[in-house]
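In what follows, structures are represented as structure tokens.
Both complexes below contain subunit A, partnered by subunit B and then by subunit C.
Right, the complex of A and B next:
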């Protein structure tokens, strides 16, 4: 084989596509920013804008150490012990996030389609698929994401067109009718789900091509992925209206189920499922990759692949016991998750970034002739 | 083989070695002029041209005016340079070399018991004449096909490619069969890395015999266990030349009309030579039909089973009613029904491949009855299932090179769908994508970069663009010489 382990490279465009699908992940079916009710799309727009500096921080950390993932960066800057300790936190976050998405998937399937099948069955099959994907490596995953994104976007566009007759512009009017404060109520939850979750990519983006790549991946992916999320939430609210959207678990699913063209094209919800499965697969696999790569580094393994199976199976275990039922899942996802995710997505990265910047500056000061590139080289 | 210089002369050794093989002919004769100079010509009957041996070797040698037999080396030179009038003559004194040449149809002329022999290429045997290959028919375009003889095949290539850049390298594979294998490529166009890799992998082969190029294909595969082909195969010289021009490497194997092309990518399953010989709108349409055929052949049973068992609500009411009406008295679950029908179809297919054509009709009549009306009337299967099996069966022949792969994917999808409905089917599709995306053919990504949708990568996939626009070779295959028209200085020979 020509392909050597750990030397996998992905192009910037592939990175963007991977991240867009990651952002779609469970967001497109679960919805986000629901607190703002009819202005949820405004909340999401604000969340995207606020997420830009956050993602700039992620990119900056990665771009200071090109070709290294967060675990290596942590070990380089915080020493072996503290580096591994912080790594463990991120591994846990990635692991937990993956488990939650698997659970979202399980609940989704058992709610909308297979109520009599035990939800563990589709969850296990789904996880096995993700294990396969993670074993195939990030390069393969990135290639798959190119095809999946074509499917996902064309389905979203197609059903965006088909659902137009069911839209009612009055559902979003008046804009900010409940006041600015209410309109921005969903910002916090929208940042942490899904935009801040891209912190997981710091764990696997040692495969980017060059120094500037991280900027070129994070920001366009945020904007493009965010745009689709905004569009989906606009579509859902215009089709369903603010009161229905609160009552249903999976707004996209309910919105698309209203499509009825000439009594023949109807019950097309499977399209939503396709998008969810494709993007959810990418999301879980990325999380699994992040967790396993981190674990391999902490334990000092050369190849992460032997860890994929055990960690993947642990993930599906956690996902099965993490919630009692779907009510608890939604309660947790919207009420607890933002606070729970905050340290991993914002506080820790920002602290790491400040620490690294200070360290770099201290290193650069005594010898002025040393450029940034030289520092990166050693 | 033992050194025989002292114990036995080469001639005696050969006589001894092939004593039990009566096709070996040892014809002894001498020169008219000087009967002390004795000759012996050795050849194998059936592999050689006897008239040629008589007219061009025995006759001139007996009638020649030879008188100095003291220096046999000198004599041999005179013989091969002045007397024997054959195109391909050389001298050899190594026993192994002589035997090898004899076995491939040459004649060896010995003088007395002298070890050195003149090897004259007299090979001539019955060959199949060039005809259109059964497996790859076309409506328009050239109709020649390869035959089993490697020299004829190379001639067919040469005739289409009159360039000095066409390089042919011979290898011998198989400890017993010693099959000649020819690696062909066009210098400057084919990627050196790929050629090197092909050479390396061929060198590594350890096998006793090669009867068909499939042996080779399996032995040089990147991922031996994948059901998908990572080497292409064809019986048509025009296809091989087309691929050579795209920068691929071809391997022609003696004894089989099937040539291998390397690297092979997934889209090549769907590209047929006739695409390039017909109008590009029509060709594009055909390609799209082939892709749809692939989708139908792999997915229809899975989707049908999923819809009937899990997602009845997705079907329009009328359709659902008529399907359930026809399923009313059928005793089997849909999955069993599907597997039964697909099995019967594969059974019929496999039977009709091997059956003598005379009995063939019987099979088609019985088959039509069994998987047709009778099965439905007996309530063994439902009518929609027959349609599903028929669609699957027909569409799987749209991409004839993909038979085996299709059966496998179809079964995997079917079982996945029978577990969790369309979700299972989707899992199967994702799995297939992971697998295909992780494959490589001689270092080239199996799926190329189609996903980028950039014209340079995707123009010859679903579309067949007009030749005016087809100015570059496939991007990943011919990495260093992408431009088809080399005079074009603007983009020619650019290295990225």
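Right, the complex of A and C next:
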């Protein structure tokens, strides 16, 4: 049976779990805030604090129109033409982000596990799984995330403990030793990847059961997900050191590969792959859901599912042609992405929020004046 | 290569639409097949052309031009 748009509902807790896994996404394997070097963890903490107002803006926009997603909100406030035009920008961002995560996955698998296999093979298999997930809908995805999160957190904590003998506290000293400028570059990078990427949830969070609860989902998810990202970056920097962390593509994988308990517990890096597959699946599926729901809304369809397969396949095509090699991928991720993502994550949402607030106030003003006049007349 | 990609897309479309074909109106099917054809064409092109034009480079050039790098 085909379900209509906005008929699926998820609880606040499910929304938080979904968003935490989305934040993990490719951040846990690729790392973030690398510009800050040994102060990477400090930059991520600052990025979390600076991302709070940003996520409050996202929540505010959603809470002003309970039960509606961003596409409906845009059409209501900007009219059909400009609403759809702005929607297309967010659809592109969601689509592009999904494609980049698929490519991250392809490069990761190709580098660490299947160097002889063409990159496109794991990418297609992974995308077909995400297409299946998106067709199943957000409710199924949210239920999956409940189990995935327990599994992912358990693995992260367990291997965090096992790697303690390889940690060296001197690797994070002196704090702010590289200067304020590098730390700020790390903050900027960490805000746009991964915390600002949660803007994609504005496209799908009409599905929250409690219609006024977007604040209660965005902020706890940011804090909990961010805490894990800080912990992972601290672990990686203490195990690998700032010079090694710059030299490796996937720091978490390299850090966990050093686990060696009594020459018995070794080669545990597969855990990193498992966590990446789980969180990457959630991230790509959420992006695919955002893009397809948006396209369905723009085209005036009552159901998004017919668009999932073609848009998913276009996503995998884009992910294949988007970079020449892994070097270009990392160059783009660290040098271009922060600036590219800024308009979608900060400028557009803030402009939309200001416009909506002003429009709401203008709408409420005559009513208030009228009520005051009525009272005086009485 | 060319034939394999087209056959793969045909199978995927068939499996994907089989259960729901009767519930779909013509406009949806038109969009579906247009997107599938574009996707199939990109797949075929990327199988033959070594360096396909990527949106990453123009975006990078625009951003670097704006930043003055």
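Keep this in mind: the second predicted complex is superposed on the first by the 361 of 378 C-alpha atoms of A that agree within 3 Å, B and C clash if a C-alpha of one lies under 4 Å from a C-alpha of the other, contacts with A are read in each partner's own complex, and residues count from 1 in each chain.
Heads up, the rule we're going with is that a residue touches a chain if its C-beta (ideal position, glycine included) is under 8 Å from a C-beta of that chain, and two chains touch if they have at least 3 such contacts.
Since this is a predicted model, take the numbers as computed values, not measurements.
After superposition on subunit A, the partners subunit B and subunit C are accommodated together without colliding. Once chain A of one complex is fitted onto chain A of the other, the partner contacts of A:299 are limited to subunit C, with no touch recorded for subunit B.
When the shared chain is aligned, subunit B comes close enough to touch A:278, but subunit C does not. When the two complexes are laid over each other on chain A, the CA centres of subunit B and subunit C sit 80 degrees apart as seen from the CA centre of subunit A, to the nearest 10. Once the two complexes are overlaid on the shared chain, A:314 sits against subunit C while remaining clear of subunit B. Contact with subunit B, but none with subunit C, is seen for A:140 once the two complexes are overlaid on the shared chain. In the superposition on chain A, contact is made by A:324 with subunit C only, not with subunit B.
Touch criterion not met for A:164: it reaches neither subunit B nor subunit C. After overlaying the two complexes on the shared chain, residue contacts for A:347 are found with neither subunit B nor subunit C. When the two structures are aligned on the shared chain, A:129 is found in touch with subunit B, with no touch to subunit C.
More residues of subunit A lie in touch with B than with the remaining chain of the pair subunit B and subunit C. Of the two partner chains placed by superposition, only subunit B is touched by A:270; subunit C is not. Of all C-alpha pairs linking subunit B and subunit C after the chain A fit, the shortest spans 12 Å. Applying the stated touch rule to the two superposed structures, the overlap between the subunit B and subunit C interfaces on subunit A comprises residues 2.
Residue ranges on subunit C touching subunit A, taken from their complex, read 9, 12-13, 16, 20, 23-24, 27-28, 31-32, 35-36, 38-39, 42-43, 46, 51-56, 59-60, 63-64, 66-67. Residues 1-3, 13, 109, 113-114, 117, 121-122, 125-126, 129, 132-133, 136-137, 140-141, 143-144, 146-150, 263-264, 266-268, 270, 273-274, 277-278, 281 of subunit A are the ones touching subunit B in the complex. Taken in their complex, subunit B has these residues touching subunit A: 222, 310-311, 313-314, 316, 416, 419-424, 426-427, 430-431, 433-434, 437-438, 440, 443, 445, 447, 450-453. Subunit A meets subunit C in the complex at residues 2, 96, 299, 301, 305-307, 309-311, 313-314, 317-318, 320-324, 328, 332, 335-336, 339-340.
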